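See the structures that follow.
The following pair of complexes shares a single chain, chain A, combined with chain B in the former and chain C in the latter.
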Partner chain A sequence: MIEFNEFSFRYREGAEPVVRDITLSIPDGCFVGITGAAGSGKSTLTYAINGIIPHCYPGDFYGSVTVEGCDTVDTSLTDLSRLVGSVCQDIDSQMVSTVVEDEILYGLENFAVPREEIPARVDEALASMGIADLRDRTIDSLSGGQKQKVAVASVLALHPKVLVLDEPTAELDPASSVTVFDLLARYAREHGTTVVVVEQKIALLSDYADMLVIVDEGRIRFADTPDAVLAHSEELLALGVNVPRSTTLMNALSAQGLYAGPTVRNVAGAAAALKEVLA
Partner chain B sequence: MIEFKNVSASYDGELAVLNDVSFTVNNGDFVAFVGTNGAGKSTTMRLVNGLLKPTSGEVLIDGVPTTSLKTSELARRIGFLFQNPDRQICCNTVREELMFGFKALGEEGSEAEARVDAMIERFGFDADAEPYLLNRGTRQLLALASIIVLAPPTIILDEPTTGLDFRECVKVMDVVRELNENGTTVIMVCHDMEVVGDFARRVIAMTAGRVVADGPTFEVLRDGRVLKEAHILPPQVTEVSLILGREAACPAAVAEANTVAQMVTAVAQACDREVEDVEVEAID
Partner chain C sequence: MAKFLEYVPGESFLHRMNPCVKLIGAVLIAIACFVTSNLVFLLILLAAALVMAASCGLGRETAGLCKAVFAFSLILAVVILLTTPHGMPLVPLPWGYIGTGSLLAALTVVVRLMAAAIPLFLVFYVTKMNDLTNAAVKQLHVPYKYAFTFTSTVHFIPVFMNDMAGIMEAQTARGVEFDGSFAKKVRLMIPLCVPLLVSSVRKTNSAAIAAEVRGFNLRTRTSGYKDYPLHGEDFIAIAVCALVLAVAIALAVVG
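== the complex of A and B ==
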């Protein structure tokens, strides 16, 4: 369980808090998508989960954030990193090794995982992202998309309870983005891992997330199922948050009195609804 | 005009990353290159701007091979927007960044100053701001502005909307659309099929270093063979209409709709209903 309790944070150099009065409970095993306009405070929320705030970025911290019952202020960054695995937005800043296998080994060795467990963990992590064939490749020979998969695999190898990812598919083509989300969702289901993803690709989030969190100017405006959140698509667009084109289509039909059903959030839903409209 | 004539390319001299690629981009075109990671799209762009030389075949800019054009000549003809603006931005202030291209070309002077001033006004930049302290969308706009201030006849955009939020995306693409309407040739590498469908008039689909389709945007994006071969997902409304065309007895207008407005009009006609103006608050 991740719990934000009236959490506000102002970076030391900032004039105003970047997030304010955040109260949110994320149950174990939940797949959470966080989105919002640039500068809305999305990444700050993830920093509060993995402890980068306040341990690396000092500032005024109000309220509390707990992960698995551990207060992120009182728990050391080392101990938090055993609970929370993080994948940065800038993948190159995360890579420390020259070869893919070494990148996976780096975290395992630093966390003192028993030697006999390591080979199986490496195999499992590579397989979970579908990159077993990249094991011996040098990092600098990989495409942006391949690097993103390596970064995720190196974190999954540590078996974190919580996985925090900041725009993990930014450099991926649509098919690979779907693959990564498929793999993340499957991994989360099989291991009971809580996944928190910051992402601009709303169509992808709507399809995979159990909970969609919309952040605007440091405050949570919506935190609910994708269907419930997308029912407010006019407000989302006003906040600078896109909605899936399928949702826009069905809303436009609704505005013309041609559709009166529930909110649609993907292609399959739109096609099914239109078959009924045209029947 | 940009011509690729049977172009192959390799980074290490052995493994071909581009294989016998031929196409022509005419002046004023708006072309999107689509395909999976590693399909050869970015390599193609590097061949256009001379960062990479072909191992065989020819790349011609206005009839001149890139191999015989100086870097400065190529820079005058082609502006290149990198996917990550931080790989492009290198100066301490917005004004210096906008002047950088003129300095590199040895073309500083009152005309350059006037064009930089106009660009600052047009985009509403703070001339003295430090580029790295701007947010991602503004940095992307600055990188774009620092290219178009040089008024190249062709711009290449490598994933221009990656990492941008909805508003920033609209802002960047509105600028690109306006440039194209005023005659600038636009070549865009893009994974966001909604952006491709909304803006590009022509799509070149690539896979494994080859061109598998080249044609009007929705002709390519509705072709099942191409979608499968290039692992492309079409824009959502196109995908809906393709499904309806396959699985439901529906009018041709529904089965062929590619935009929200087209689909709403088609459904209204099918239901014998009048349709009011369709307003869509999306990049449409």
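== the complex of A and C ==
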């Protein structure tokens, strides 16, 4: 369970709090998508979960954030990292090794995973992200998408209870983005892992997330199921969140009293709903 | 062709050698190059280094390295030529002359730097960064933080070079012409050091955080998963390197 309780944070060099009055509960095993306009405070929320705030970026921290009962202020970054696996936005900086296998090994060695467990963990992590064939490749020879998968696999190998990913598909094409989310969702389901993803692609998030959190100017504007959040398409567009056009169309029809079904997230859903409306 | 100082996978003799032996051997050879001024001996070491590079399939990378070291050593060579009036005079100068001894000294500097640099750079091309770090920690008892800092520095060199190339490309797209004399290129590149520095500091900070959230502070001497046993060829290699150093010292004492 991750709990934000009246959490606000101002970076030391900033004049105003970047996030304010955040109160949110994320149950175990939940797949949460966080989105919002650039500079809205999405990444800061992930930093609060993995302890980067306040341990690496000092500032004024108000309220509390707890992960599995551990207060992120009182718990050291190292102890938090036993619970929370993090994939940063800047993948190149995250890589510490020259070869994929070594990158996966890095965390396992640090956390003193028993030697006899290590080969199986490496195999499992590579297989989970579908990159077993990249095992002996040098990091430099990988594409941006492959590096993203390696970064995620290196964290999955640690079997974290919570997985925090900051724009994991930033360098991926739409098809690869879907693949990464498929793999993540499957892994989270099989291992009961809580996943918190910051992502700009709201349509993609909606297909996988149990809870969608919309952040605007440091405050949570919506935190609900994707269907419930996407029902507010006009407000989302006003906040700078790019809602799928099929959703906007069906919501407009709904407002006119022409459609009364559930929120539509994609073109296929809209086509089916329109057939019903026109029938 | 691999980027500067980036590991190139392979199965050559040098690839298979113990990482610590590679590092120590390269350092011994580098010391030997600076101990002696015997040009023939230095030429033999340079030839041996080139053969070693070719044996690992790193001919192109080594040629690129030689070019860079040659350019740098040429500056030193010119300074020596102009300031060391030795041997039979060949070219008179207002403050002395360039002699046969000056030429020999300048040539020695060029060969020495190339012969010393190649083995050191080869170590990084034929050794995985993690192996180098872990072996140094396990076998040489170097504290992990220092070993990691050193290998991370090497790891980031191509990253920063890539960033610099990106910044230069962006400037070229905006009409800056980097073609032309060396002095002009340097003058145009100096202002670019600021964005490079900003991006480097940001990347280094991100890397430090990324390492920390993956348990960097928990690392101990025994954390490394792989072992790096010493084999017969490792002992032979280190003995040969020690012998090279001994010969260099002997030549320095005798000559």
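Note that in this section the second predicted complex is superposed on the first by the 269 of 279 C-alpha atoms of A that agree within 3 Å, B and C clash if a C-alpha of one lies under 4 Å from a C-alpha of the other, contacts with A are read in each partner's own complex, and residues count from 1 in each chain.
What we mean here is this: a contact is a pair of C-beta atoms (placed from the backbone, for glycine too) under 8 Å apart; a residue touches a chain by one contact, two chains touch by 3 or more.
Bear in mind that the values here come from a model prediction, so they are computed numbers and not experimental data.
S.K.: Scan A:78 for contacts with chain B and chain C and give back first, second, both or neither.
M.R.: A:78: touches chain C, not chain B.
S.K.: Return first, second, both or neither, reflecting whether A:6 touches chain B, chain C, both chains, or no partner chain.
M.R.: neither
S.K.: Is A:144 contacted by the first partner chain B, the second partner chain C, both or neither?
M.R.: After superposition on chain A, A:144 lies in contact with chain B alone.
S.K.: Just to be sure I read the superposition right, which of the two partners does A:154 touch: chain B = first, chain C = second, or both, or neither?
M.R.: In the superposition, A:154 touches chain C alone.
S.K.: With the two complexes superposed on chain A, say which partner A:60 touches: chain B (first), chain C (second), both, or neither.
M.R.: So A:60 meets neither chain B nor chain C here.
S.K.: Looking at A:117, would you say it contacts chain B, chain C, both, or neither? Reply first, second, both or neither.
M.R.: neither
S.K.: Between chain B (first) and chain C (second), which does A:175 come into contact with in this model arrangement: first, second, both, or neither?
M.R.: Only chain B; A:175 stays clear of chain C.
S.K.: Once chain A of both complexes is superposed, is A:52 in touch with chain B (first), chain C (second), both, or neither?
M.R.: After superposing on A, A:52 lies in contact with chain C but is clear of chain B.
S.K.: Go through chain A and flag every residue that touches chain B in one model and chain C in the other.
M.R.: On chain A, the chain B and chain C contacts do not overlap at all.
S.K.: Can you check the complex and tell me which residues of chain A touch chain B?
M.R.: 36-39, 89, 143-146, 167, 170-178, 200, 203, 234, 237, 240-246, 248-249, 252-253, 256-258, 266-267, 270-271, 274-275, 277-278
S.K.: Once bound in the complex, which stretches of chain C touch chain A?
M.R.: Checking each residue of chain C against chain A gives 2-3, 6-9, 128-131, 148, 152, 155, 158-159, 203-204, 206-207, 209-220, 223-226.
S.K.: Quick check on the complex: what are the chain B residues that touch chain A?
M.R.: Residue list for chain B touching chain A: 35-38, 83, 135-137, 159, 162-169, 191-194, 231-233, 235-237, 239-240, 243-244, 247-248, 250, 254, 260-261, 263-264, 267-268, 270-271, 273, 275-276, 278-282, 284.
S.K.: Spell out the part of chain A that touches chain C in their complex, as residue ranges.
M.R.: Residues in contact with chain C: 50-52, 56, 77-78, 80-82, 84, 86, 88, 90, 92-94, 96-99, 102, 105-112, 115, 118, 136, 138, 140, 154-155, 158.
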